[in-house]
Amino acid sequence: MAQALLEQIINGTMMGSIYMLVALGMVLIYGVMHVLNFAHGVLFMVGGYVCHFFFTQVLDSYLLAILGSMAVLSVIGLALERGVFRRLRDNLRMQVIASLGLILVIQNGVIAIWGPNALQMRITTTDIRVPIGELSFTLQHFLIIGTVGVTVTAIWLFLTRTRIGTALRATSQNAEAAQVVGIDANRMYVASFLIGCALAALGGALLGPLFLIFPTMGDLPLLKGLAAIIIGGMGSIPGAIIGGLGIGIVEAVSTLYIPTDFRDTVVFAALIAVLLLRPQGLFGVRVRGEA
Amino acid sequence: MAALLEIRDISKAFGGIQALDGVDVAIDAPGIYGLIGPNGAGKTTLFDVVCGRQVADRGEVRAEGRAVGRLSPDRLARLGFARTFQECRVFPDETCLDNVLFGAQDKRLGVEWRQLLTRGMGARSARRDEAMRLLTLVRLDTYADRPAAALSYGQRRLLEIVSTLIARPRFLLLDEPASGINPTLLNVLHDFLLKMYEERPIVFLVVEHNMPFIMSLASHIVVMHQGRVLTTGSPADIQRDPAVIDAYLG
Amino acid sequence: MTAMTALTAMTAPRAGRLAIAIVALLALAAPFLLADQPYFLHVLILTMTFAIPAIGLNLLLGYTGLVSLGHMGFAGVGAYTTALLMMDHGWSAVPAMAAGAAAAGVLGVLVGIPCLRLRSHFFIIVTLAVGMILFALFNNLDGITGGAEGLPGVPRPGPLDLGFMVIDFRRLGGFYWFALVVTLFALLVQYLIVRSDFGRSLAAIRQDEILAAARGVNVFAHKLAIFGISTALAGLGGALKVMFLRVAAPLSFELLESINLVLLTIVGGAGYLAGPIIGALVYVAIPEILRFADAWRLVLFGVILVAMTLFAPRGLSGMIEAGWRRLRRGPAVTGEEAADGRPA
Amino acid sequence: MTTMKQITTRATAVAALAALAAMPAFGVSGAMAQETVTLGIVTAQTGPLAAPGRFQMNGFDLAVQAINEAGGFEVDGETYMLDLQVYDTRCNAAEGASAMQRLATVDQVPVVLGELCSPVAAAEAPIAADFGVPLVLTVPTAPNLTEQGNEWLFRVNPNNFQLNEALAAFVAENGWSPLSFIAWNNDAGRGGVNGMRELLPDDVEFGYVGYFNVGEVDFSSHIANIRNEGSEAIMLLMDEEPGALAIRQIRDAGLDAQLVGTLAMGSSRFLDRLNAEYLDGMAQYNAFPPNAPIPRIEEFSALYEAAYGEESHGFAAQSYDGIFVVIAAMQAAGTVSDSAAIRDALAEISWDGVIGPIMFNENNQAEPPVYITQWCDDGTRRILFPDDLAADCGFG
């Protein structure tokens, strides 16, 4: 059992890292713009496809393909912010519906372009096995954990040490106050969407080679990311980080005790329980007003 | 004999800011009470506490001897507290008439459900005449069938006030009723409020920055400053009080 | 309060009433008119099975301003309850459906009690989570729900002897009337609520929750009541659906179906009495008409949807209403565009 | 059980029909426009099960092509060309019911074939009975479908019970105990596990049973559990895409249990995604071993490969046979339009299909042979069961 526990903690940390990227992107967008973007999962998926495209068709370098994918997704994010979400500010219902419409557009657009079948992307790191005692993982597992660790640290430094990062956090905490201090809200929206979409692309590009790249690959990360930002406390950046990682590990370990077909049920039941007991989330401090 | 409305030692802090710091106000008789004070004095917070939107950290509110400080806004509304908002709130999709009629509606769930099954529309049509009369008084009768969103800001203010009055409240709390209203409508509002008070003398509690307006309207003035009651008195007394002038000049 | 702009077209004197009468008559006579067109009858019934949960959702989304992304999960509760009562306990159709709707409504209230106090973003996500949990139960509890293979052989109501004629609900034409009665019941519930003081309070909550509370509306109790009614209607629709399809399949009640329900309600026009019907017609009819299997079809649907949120938030009903007005009075009336841009 | 001799004496489906149909086609004036018979098809072409739906559709298309290229088919002295009216049901019960209704009453096809998903078939079957149009299933496997007393519903393919019967015996014989499962959380996966539960003898212990939703790709939790329970063998009940992924993850995680699979995992396409060493002697049941040294299978596989450039698939073969069974029933009934007569003929039909002899039992369920194949180290397969059809590496 101890061995299985170790195995699931490593697996959970890997998936949790991915959830963390998704949750971090969503919480930035939510905090700054107060937009709940259900299309974040399909952006994650597009990140995987674009990375595959760059890797197989253009660059032949995984690193450059990842960066290329992040760049492309940033542009898409910018377009979505300008074209859709900025116009729907303060209208929660229509935001949700627009983001559901975007899921339809993007998911089926990908199917129309790349077909419904999964793409495979083999890179060196998925073929190297790292044995730990009786257990064995691919190098990609640790590449994901390491990359996400570095990225999240970098984002945290950016948010706490740079001017624009501090401004982002300030806007996230209190939009009015930020405006009073002279922060340009529109620039903050753009920045949050750029970073959020780039993080989603990074997630898709990291996970794609390990598993497969397919049209619904972003659905579960989206749902788990949503759960993470709620459990962590909506608007709380550390909450999203810890929430994402926590969900990854808890759901992995829970499967040792609970049938796997109820794994998602466990996560969502935990989400509801957290909302009931601590509506502001585990790390949330303030209650924001209605949107 | 308990006071009509008694606000005793109310304190309320937001984060590090002490918005209300031991406020005491006692109102023994119906009348138009003006509540003035510089920005940030805690007037709106006091309204929010009295109307149940905020719960005070300390102290209590009593209405006719009954503790009401912890009741929800809707309970208080059904007990006869009616208020308007500083930022002026009306239901934008509804017509002016519907806005007013909604003010008069009995909103207890049980009553609504009985009405649902019996389809009793009598109460509503009975209120229509009164609603039209009030709308006419504030010169909104010609807008009765227009959506509230189509009104000017000043007209919306008047609509908001009419919508609270038709519920025949026992305590009416008006938060800056005169702000954003043009001089012509201001006179209409002034006369309207006086007329309403004459028809049904209740407690009017009016937060206002427009000094000439409130001084000529109110019979009593309460001055707030930095979360406390600075002084109370008749308009004439207050206008002469050097402490008030100091507070305003900062 | 709803004398507002909603459905002016329908309430417009004479012409509108005449139109309603004609539609009602046509709907009633459809089995005769379409006697040799059973496929159209089938599509109409299918439309009704989507329209009923959509009516439930419309009360929530269009009138009260709450978004539920798990409504088909509640429909599933009604569906499986009805199916199991009929198959395992020999209940007849009508009480079984009533029990199914009640089960969904009670579950809605139980979910609503803790969750409706949450802020709207949270509530949306909770409904999503509840929908997914319910689907997992339908799919995974092989012993009770038949699991992923579904529950085949759900019976339709027994024949009704009217004396002068016998309606066999197991046949398409007979079942059509059954579905029509259930749909009319749901429409009646919607109409009664919307045109009542209760409905006015709901509309007030949609437009401004804080103001509604200040005017004396117990926001939580009203939301809870309408959520229970809404989920019960969803359960009723689910029950009708499995009776019609004669199989209870978990995939009929999955997340995607819940999302589609929201989308069809919006397309039809949330906050309009006829919105759910129009939405369901469009939702069922378009794939039936455009029966080509192509991802671009859904891309186009998505683009239209996003465009609607930006430019026509009141859906097809809103567009019809605006067109009707223009026709009758010339230029459009001001103020109507402000309708949906309000805080929830 | 069919013997080799019987098979060789019987002409293959294609050849028989070509010969049958070609003569009148040449005899009659070639310029004359022939009448066309349109059959209805319900299948998933989009949605989560688009990939298996494609194999099914390929089988139907191939049958139509074979028949029409041979000049059509003859019923009661008339020669007809064949056409299909295809509706996409997306594995959605409501869409399936609509499609069935439309085929039965608008297109008025004499027979409907297809479907992938059992619950959708369950919604279509009563409509088939209501409007008296035979529905011939070629892929769904839920056993209860043919147990509803619906005489208009036929199933060409083996159901879960039949598929698992042979495998269960095989697993028991090899002492693969405890046996763990990773299965799709849908009708195929859950049905398969439940089927095995009923069929496995008591001396085979049930290990871990894990379900995953269609679209999930992370199998690590299942692997950790299986390792934890110490299973001898793992049965994978899923399609080839997740199957290949699951096996890769199982081996990457350093687990070397015996693998047991479904018919989806007995194809070269499957190997393209993996190395033979990953499979390591994996065994699977198979309704159709594409390289079996049986003429009818060889012929079909060649035809399929020529048309689609890939190894043939069991769903394609079952669907291909479905069309021929229907045509044979039309010929036996002497009508291309009288659905009731065709239904009666179907119930009595005996047809030598690609997948084997097809005869419907009292529930209208066919009982074609089920094979067990095993992967060899060189990346080919061999047939282990049934004994009389056993074949060596390279012929599975």
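Note that the chains are named A, B, C and D in the order they appear, and that numbering of residues resets to 1 at the start of each chain.
Here is the rule we go by: a residue touches a chain if its C-beta (ideal position, glycine included) is under 8 Å from a C-beta of that chain, and two chains touch if they have at least 3 such contacts.
Given the structure is predicted, the values throughout are model-derived calculations rather than measurements.
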item: Chains in simultaneous contact with subunit B and subunit C; value: none
item: Touch-network distance, subunit A to subunit B, counted in steps; value: 2
item: Centroid-based (C-alpha) most distant chain relative to subunit B; value: D
item: Winner on C-beta contact pairs when A-C is weighed against A-D; value: A-C
item: Mean-CA-position distance for subunit C and subunit A (Å); value: 33
item: CA centroid of subunit B to CA centroid of subunit D, Å; value: 75
item: Length of the line joining the C-alpha centres of subunit C and subunit D, rounded to whole Å; value: 38
item: Sites on subunit C at which at least two other chains make contact; value: 139-140, 294-295, 342
item: For subunit B, residues that touch 2 or more chains besides their own; value: none
item: Residue list for subunit D, restricted to those that touch at least two other chains; value: 46, 185, 211
item: Which chain pairs touch, all of them; value: A-C, A-D, B-C, C-D
item: Subunit A-touching residues of subunit D, taken from the complex the two chains share; value: 46, 48, 50-51, 185, 209-213, 215-218, 220-225, 227-228, 241, 245, 252-254, 273
item: Residue ranges of subunit A in contact with subunit C within the complex; value: 30, 36, 84, 87-88, 90-94, 96-98, 100-109, 111-112, 116, 223, 226-227, 230, 234, 259, 261-262, 264-265, 268-269, 271-272, 275-276, 279, 287-288, 290-291
item: Residues of subunit A touching subunit D in the complex; value: 1, 3-4, 7-8, 11, 15, 111, 116-118, 120, 129, 131, 134-138, 211-212, 214, 216-217, 219-220, 251-252, 255-256, 259-261, 263-264
item: Residue numbers on subunit C that touch subunit D, as the complex places them; value: 37-39, 42-43, 46, 49, 139-140, 142, 147-150, 152-153, 171-172, 241, 244-247, 249-252, 284, 287-288, 291, 293-295
item: Residues of subunit C defined as touching subunit B within the complex; value: 1-5, 192-193, 196-198, 200-201, 203-204, 207-208, 210-219, 221-222, 225, 334-336, 338-339, 342
